[in-house]
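Two complexes follow with chain A in common, the first pairing it with chain B and the second with chain C.
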Partner chain A sequence: MKQRLSTLMVAAVMTASFAAHAQQPAKKAPPPAKAAAPAKKEGITAEFEKFREVLEEDNPAELFEAKGEDIWKNKKGPGGATMAQCDLGLGAGVVKGAYVQMPRWFADVGQVMDAERRIVHCMVKYLGYKEEDIRKQPFSNDQRTPDHVSVITYVAAQSRNLKIAAPQKHAKEIEAYRIGKEIFAYRAGPYDFSCATCHGDDGKRIRTQDLPNLRKPAEAVKAYQGWPGYRMTGGFMLTQQWRMNDCFRQQRFPEPTYLSDSITALLAYMTVTANGQVYKGPGIKR
Partner chain B sequence: MTAMKKTVVCAAAALACSAVLADEIRNYRAEAVAMMKRDFKTRGIATADRVHEDGLQAVCNRTSDNPPKDIAARLERDQLEAVKYPTDGKLMGDWKAGEKLAQSGRGMTWSDKAGVPGGGNCYNCHQISPTETSFGTIGPSLYQFGKIRGNTPEMQKYAYGKIWNAKAFNLCSAMPRFGHAGALTESQIKDLVALLLDPQSPVNSK
Partner chain C sequence: MADPMKIRAQMKGDTAEIRVLMSHAMETGQRKDNAGATVPAHFIQAITVDVGGKRVIQGQTSTSVSRNPVFGFKVKGAKVGDKVVIHWEDNKGDKRTDEAVIAA
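Showing the complex of A and B:
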């Protein structure tokens, strides 16, 4: 634990120094209209990539992985049920490679489920968690990381360095992908935004934040890669469902229900688009 | 209803009809919209009815943001006719207030409070003043906007109208219709016009 704490402190110092670095260019003399700006941006990105590489040697997400593993392997529900009974699509209790093969059709519930939805389903079914409690706080904040987020982190880590391979065999899996593709392009709300407004072209950014073009495999994996992700600002884990939720907030949409069909469909579209790319495991975010 | 408006409605309907012919698109689109209407809920000021597309959004959604030119031109004209210009005839406000506004990315999300004025969100997508190096690239650079174009009454009117309703000039533009949507007030838009066109604004500094 001591070693772990020191790692986290190193991470914190790095975050701070990165933040300081990131602000420096603002004090510099104004650049000419166009040419200088992208170069500066690449500088920041490259700098951050360096820190990220160092951090991923000893990713703070591992703390949550460990907690999730403990829940998966040792926690018992009413009547002694465990997550060993949970089928993530590759058979009861099989975790290896399961994360990168969802969303998928689950015959037992007659639904396509994304990883987060399936894991929560199992935690309710086998470990006795109450769905209404999970829905009360679905996402981590600086006060508390819900147990299901740790389990998701553990399950995701068990797909590290495996190829993303969301299935498109069952008619409902194909349907989820097709509907997700439509949701991605659907403009509405007071700002007329769709997902594609920000994520439909190459090389765009908001402020200094790069925006992957989620219609392309090599770019879609960049978005997939980061989640679940350890957010250095705040120091907690956030999941794909959180990412979708916060995108819709910024899109000026109403709030999507947690674990709803719309989000599963959108994740099906994004994951299938990233199929064939290698998932590097729980990520680190600024 | 004027004859011209009728033509536009018919044209829009014909467009929808041609989309309907593509069977696959119709099914998945309709299912996606029905699903979203079911799954998206009011939170704070972001009310559930926001997932319903309006007429312009419907045309852009059905044509992948690429409507036939004649239809786009007619609908753009309609949008332009609806722009509300200030009654006092003054279109330029305070560029300093405009710069502050351009910095703010707030407004109309479920975490924004009702009644609190929103921001312009400008730097999210545009380069503007040369002193701000954290800017997005979804929209074009606006650096030197007034220097290049001057600040004639016509240019002021164009800039005001563009911010009030970007779709009056480019039907399926990625830019929000800030005035039309009630996201910015008349005086806020004036301040943004000044940021772009006032010779004193850093946007136009050499």
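Showing the complex of A and C:
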């Protein structure tokens, strides 16, 4: 038995090491997309897809989910406040289903907030985190995963297998959607790009990466699905806001300030477009 | 201190399928940080797995294993309710032990 076990272990090590983290996410953007011919699923894309599916069963995102749960349930702020006081839109302390129902209007702050923004708001308000510290390092890197990223992962996981249902009732929610739609189509910068240049048609891709047509409900779910996601390159958790900033960078736009209104608006637009589809929980990205 | 592992253990026929996710930086010692300084090697180097009080795996690992690694084992002859104890130690002396019970 020992022999058999050690063989299996070697196999496990090899699978694990294929996702080695020697590479950092590239600093330089890939070359701009040519109006690509409708791409048939290339062999390599299909292979990556299979690889991703295998890893999804043991997604390291779970490690961050556990960490976030611990913070949510056990961490105390000044005066003993906890995240049980945090209202994510469904009542104080209610986490189940909250993630898929944001961005939404929050009367207490008089703002539409996306999930990430609301969670940071609560961690500052109840747990005593300093917003300026969070802004210093909003996204994970190889040295550190900020606490709020783990909490976001936990909250997102509590909406696994639920339908995306971002509300469009309050006038400000409707306005956020409209502004987001406008930003999505707004062309500017050295290449005169908009989000729609890369994400507004079917069948586009950059190198091996398929670019979802985020204007279409069936594909807009990809703006949502898999985020927050564990990125195998580098080996850390990244959030939707990171994805947004990285796309602004690819678009050769200045990167928005963390937790800005424009990102909330973009997320409102893309989430509402994906409404009605099932969110599968934190994902894994290559 | 090291973060907890996530262990899943389930019987499939007469074989227990055990999977463990470990939270670890697994630095190779080959990387440089933004300032150009080498990031020191930091990796899990020893793993043991005990099932039902019996050692079934004693393994050594090194820097070719990814960050936050996943391992999977199949153990014949284990049964529902057996305790699984997994332990790792890294090259800096940090260590962690976690337990789970084999589910049906």
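Simple rule for what comes next: the second predicted complex is superposed on the first by the 245 of 286 C-alpha atoms of A that agree within 3 Å, B and C clash if a C-alpha of one lies under 4 Å from a C-alpha of the other, contacts with A are read in each partner's own complex, and residues count from 1 in each chain.
One rule holds for everything that comes next: a residue touches a chain if its C-beta (ideal position, glycine included) is under 8 Å from a C-beta of that chain, and two chains touch if they have at least 3 such contacts.
Values in this document were obtained by computation on a predicted structure and should not be read as measured data.
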Which superposed partner A:D261 touches (first chain B, second chain C, both, neither): first
First (chain B), second (chain C), both or neither touched by A:L63: second
Which of chain B and chain C A:R187 touches, first, second, both or neither: first
Chain B versus chain C as contact partner of A:G235, first or second or both or neither: second
Chain touching more of chain A, residue-wise (chain B, chain C): B
Contacting residues of chain B [partner chain A, same complex]: 24, 28-29, 31-33, 35-36, 38-43, 46-48, 50-54, 56-57, 60-61, 64-65, 108-111, 123-125, 127, 130-138, 141, 143-144, 167, 174, 176-177, 181-183
Chain A contact footprint on chain C (complex, rising order): 3-4, 6, 8, 19, 21, 23, 25-26, 28, 30-31, 56-57, 59, 61, 64-77
Residue ranges of chain A in contact with chain B within the complex: 25-26, 28, 30-31, 33-34, 37, 40, 175, 178-183, 185-194, 197-198, 203-209, 211, 248-250, 252-257, 260-263, 265
Chain C contact footprint on chain A (complex, rising order): 1-2, 4-6, 8-9, 12-13, 15-22, 55, 57-58, 60, 62-63, 66-67, 142, 230, 232, 234-236
